[in-house]
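Next come two complexes built around subunit A: one with subunit B, the other with subunit C.
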Partner chain A sequence: MPEWAATVLFLLMNGLIWGLIIALIALGLTLIFGVMGIVNMAHGDLYMVGAVLAFFLLPVTGSFWIALAAVPIITAVIAGPVERFILRPYEGHPAVTMIATVGISFILQQIALATYGGIPKKIADPVDFSFSLLGVSYPGYRLLVAGIAILIILGIYLFLYRTNYGILIRASIQDRQMAAAMGINVSSVLVTTFIIGSVLAAVAGVLAAPISQVFYLMGNDVGLLSFIVVIVGGLGSLGGTLIAALALCSLEGVLASVLSPTQAKAAIFVVMIVVLMVRPRGLFGEREG
Partner chain B sequence: MKKWACVMCAAVFVACMFLLPQVVGAQAKKPIKIGVVADKTGGLAAYGYSHEKVLRAAAKLVNEKGGISGRPVELAVEDTESKPSVGALKFRKLVETDGVDFVIDSNMSGVAVACAPIAKELKTPYFPSASATEISGEKGNRYVFQMCTSVREEAKGTAKWAVQNLGKKWVIVVVNFAWGWSNQEDFTKYLTENGGQVLEAIRVPLGTSDWLPYLKGKIPKDADAVYLAAFGSDFLSAIRDIHAVRPDIKKLGAVYALAAQDPAKLGPAAEGMYCITSYPTNLSGLDTASNKQYRDVIGVDPAGLEKGTGTRFVLAYNWAVWEAFFALKNAIEKVNWQDKKDTPKVIQALEGMELKEGMEFPQGNAVIRAQDHLIQTGLYVEKVEKGAISVVARIPAADVAYPPIVDHSKEPF
Partner chain C sequence: MQRERVYRYFALGALVLLAILGTVLPSGARSLMIQIMIFGIFAMGYDVCLGYTAQCSLGHSLFFGAGAYACVLSVMHLKAGLLTALAISVGSGFVLAAVLGPICVRLSEAYFVIVTAIIAAVFHLLAMDLIWLTGGDDGLCISVPPLKLGFVDLSLYQPLTNYYFVLFFMAVTYFVLARILRAPLGKIFVAIRENPKRALFLGYNVTRYKLIAFIISGMVGALAGGLYAVTLRYCSADYMGFYWSVLPVVWCLIGGQGTLVGSWLGVALMSLFQYYVSAWFTYYLLLFGVLVLIILSVSRKGILGFIASKVR
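And then the complex of A and B:
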């Protein structure tokens, strides 16, 4: 295989693996928006919280996998009251809830800075093997992360499309008033959705911690990319979000082989603008009404 | 009645006799206010924490010994949020609202460049701890003193050593902002002058988690070494991915890339890597009595850990804020500075000031060059081996120095 073809193929595969991690975060973001109508500006910080919690739990538990199991529980304990006491009072006021989530974002960042500190730190790969992928000594852990991400996404799909509670959530996404009129406990659906969305981000944070260093501002970069993914995929569309995450991350990877790194990053924004010009509700967004 | 008035007059007179000296004395003991623009939050938060701690230790030490010229020192600290716009605003607030007479810090070159013209406008001496070459070049002025080594000094000092020890064919990888560009430009210039060759230069956006797309296929097979100008999480991601693409290539990090990192946890990606520094991480790298004393006062152990917390402390340029503080103290005492009208005399005293190694100047002998206000001092090269950092080369100040770009000493006040 010629060198350039190997490079492009490698970048495509690497992009797909990153796309799966981004998809985890973006799915939570789009789920929260779809059900609750909340643009969660603190979503990237929940990803950071997951990574920081993993950093603190690792020496206590001694196992990365126990930390991975414990973080969702802790995140749920944080996310539940946030939804009930901070966001619920402003339900139906998108601008206010958005500002409230900006406040939550600052609070989470400053708590992390005060406790964890401002130095980026590294968590060792929980599995120590690498393999040769088209001339690159590729860390095996990334492949494992991709596998776990696929399992989680599959689990979310089965939960939403194969369980009764999933039907309630989807009904609430389609028409909340009608769902409430049919006797669905929308209050419970709201808090559950917010917890699921937050847990998805936090789990992505734990999984990404050994790859992308733990830093109290690590949510900023990823948060922005997740927003782009959700907008391109179509706000509230779960399938669209998954496809957009995979497509954008592999596109950025491939573009990096022909453009400069900064141009490749900028190109993603160009794609977003073009998509919005052609389809203002994103690739898979549905028209209201 | 007259008698009573006489008694009153006498009482007032006696009171004046007793109280006046105290009033005058209080005036003489009016605190000297020093502003600090520290990067307490944002990307450089760890640096801001470290610099504030070091300056507070310096102020405490001086106040315990009677202050500067018998006047106590008062620090006013503001957070730049690691943003130039905020830093400039806080600089103005410190001078105009809090009434500080001098300002120290910001490790961020962008903040230093933004504050430099304000220092001139408000006639307030400013001592940033940021290394962009422009600070002691076109962007500086008579009120700005660069008390840490500049990127150009660092590149010039190391390029010769790099060609002799690591190889001739280089790839330069930098983060895509002013500091990275300065590193690329200056290292390329001095590498070429010393017989080296730059095969490829790659600029990667700040805050990139995955560097593989930008490195795969970009590092030529015949390249001997990579010069990497990145810090914090960028640095960690970059060395990990350089190692994945070319495990055999030698790596040289720009100044302080290794700052506050635990070498034992960096893994195989950092093993064998070199890094430039102007202040060694371990006490053993600069094993002098004054350095030991300095570390004791700021609360850092010989391995670079903060006493009390046991966590890694950003040593990086904090010697530069400490030495700026004491250079300023010496200048104030030399010219017997009273208030702002004496500030030009302080600046003249600082221009060409020789800093003699000791508790006040633990980094070693140095000179504040009169023309461009840039400190002239030596550098070190550190290496990570078996999960530990050690100094492998010392570069004398003479090899680091380059001719001044500007001459501020002739500018009017």
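And then the complex of A and C:
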């Protein structure tokens, strides 16, 4: 096996694993938009909040896995009231929700800056093994991340398509007024969906914390990428989002072997523009956005 | 038409007041005032997009930054005169809006906001990366060429000259935009804002008029960027940052969207807020976020919109 093939495989692996993390974030984004028409600009910052919380919880709990279990609970406690009391009046007006969530995004970032500080820090890999991938040593934690992400995505799928509550959520996506008329408690569905979306982003943040650096602006890049993913996949389409996340991130991973990181990002952007010119609602988007 | 008269009197009063203030203000307050006027131009341009055709763009920092860079780079490399440089700024705004606009304006509301934000973010990344051209985060400094009026050369290093130079452009922008918005074109904008489907049934090419509004808005944004670069004699990639896209939205929301000049009030309030609060509170963006939420929950009409709705 020639050396370049090993390099490309390595980058492709990294891209796919990163794609799974982005998929978690973008799924939350598209779910929140699909159910309540909120364009959540603070979604990248929820990812940051997850990572920062993990950083704070690690010394207290002593175990990465306890932190991974605790962060969703904390995020849910924050996200529920935010949806109910701050965002509820603006739902269905994408532009207004976007401005409101920009406000929330600034608040989250500044709180993180005030408590965590402006210096990027690293979390040690929670598992300490690596294996050889065609002669290149590959950290085992990344594979573990991929496994956990796949499990979560599978869990979300089963929840949405195989449980009664999932049916309620999907009914609210299709037609909210009709769902309310059928006696569905839409208010609780809205809160639940927002919590699920936020928790997805926060968990992605915890998982990504040992791989990337923990920084109070780390959500900006990720938020940008997941917005591109959601646009390409089709706003409100869950399957499209998953496919777009994996495809775009592995493409970026492979392109990074020949281009600089910024050029690779620009290439992804060009892909988005081309998709938008051919299909203004994204590859798999059907509904009025 | 009562309402329009309120806006017009307010605008004329504000311009006269600004002209008088220029001579009496101390130098610190005067430079703050110059900034407010430049942002006022930016805000007026943005209002054509948000207030008159209901296109909420989160990517206007692109035009602001591009205008600033066009001005700085043409002075540095082309040795352009002041007015030529500003004309190049406006041209750059036109080109960018005309190239990117057709992709954006036909999208639905949610896609439009997201895509404009993404476009600005990617250009911001590029500006940070192409350091040989843009200076990246450190930016570029220029020495501003004198203003050649034929009979006399004026230097913008004189604060008073700078003040009236900016005020002149603010007045010109206001009169041009007000004229456009009073003309049939402006009425079509309002028709599209109120009901795009009905405007389409009446035979108007909605996409084209949205594009025209987008381009006008981009050109004015670029002019503001150019003036800002000239005033600070400096320009950096930061001008394309996300913060500069959020500011015009907030200005228009506070002052009143769809009033053209109401945003001046928003600019003045926000600039004073920023000036005083950032001095004693490091995390003033936190308060900025809270402020955005409060403004949205109180009223989306804005101050001037509220006043005008009370006038009989």
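Simple rule for what comes next: the second predicted complex is superposed on the first by the 281 of 289 C-alpha atoms of A that agree within 3 Å, B and C clash if a C-alpha of one lies under 4 Å from a C-alpha of the other, contacts with A are read in each partner's own complex, and residues count from 1 in each chain.
Convention: a contact is a pair of C-beta atoms (placed from the backbone, for glycine too) under 8 Å apart; a residue touches a chain by one contact, two chains touch by 3 or more.
Since we're looking at a predicted model, the values are computed, not measured.
Undergrad: Using the touch definition from the top, say if A:A124 reaches subunit B (first), subunit C (second), both or neither.
TA: After superposing on A, A:A124 lies in contact with subunit B but is clear of subunit C.
Undergrad: For A:I73, decide between first (touching subunit B), second (touching subunit C), both and neither.
TA: Neither partner.
Undergrad: Under the stated touch criterion, which partner chain does A:I86 make contact with: subunit B (first), subunit C (second), both, or neither?
TA: Touch partner of A:I86: subunit C, not subunit B.
Undergrad: Thinking of the overlay built on chain A, is A:Q110 touched by subunit B (first), by subunit C (second), by both, or by neither?
TA: In the superposed model, A:Q110 contacts both subunit B and subunit C.
Undergrad: Regarding the shared-chain residue A:G37, is it in contact with subunit B (first), subunit C (second), both, or neither?
TA: After superposing on A, A:G37 lies in contact with subunit C but is clear of subunit B.
Undergrad: Between subunit B and subunit C, whom does A:M272 touch in the aligned arrangement: first, second, both, or neither?
TA: second
Undergrad: Which of the two partners, first being subunit B and second being subunit C, lies in contact with A:T262: first, second, both, or neither?
TA: Both partners.
Undergrad: Could you tell me which stretches of subunit A are touched by subunit B in one complex and by subunit C in the other?
TA: Residues common to the subunit A contacts of subunit C and of subunit B are 110, 113, 220, 260, 262, 265, listed in rising order.
Undergrad: In the complex, go through subunit B and note every residue touching subunit A.
TA: Subunit B reaches subunit A through residues 41-49, 176, 202-205, 207-210, 212-214, 216-217, 232-233, 236-237, 243-245, 247, 260-262, 265-267, 311-312, 314.
Undergrad: Quick one: in the complex, what on subunit A touches subunit C?
TA: 33, 37, 39, 41, 86, 89-90, 94-96, 98-100, 102-107, 109-111, 113-114, 220, 224, 227-228, 230-231, 235, 260, 262-263, 265-266, 269, 272-273, 276-277, 280-281, 288-289
Undergrad: In the complex formed with subunit A, which residues of subunit C make contact?
TA: Result: residues 56, 58, 103, 106-111, 113-115, 117-119, 121-122, 125-126, 128-129, 242, 246, 249-250, 253, 282-283, 285-286, 288-293, 296-297, 300 of subunit C touch subunit A.
Undergrad: Across the complex, what residues on subunit A touch subunit B?
TA: 3-4, 6-7, 10-11, 14-15, 18, 110, 113, 117-122, 124, 130, 135-139, 208, 211-213, 215-218, 220-222, 252-253, 256-257, 260-262, 264-265
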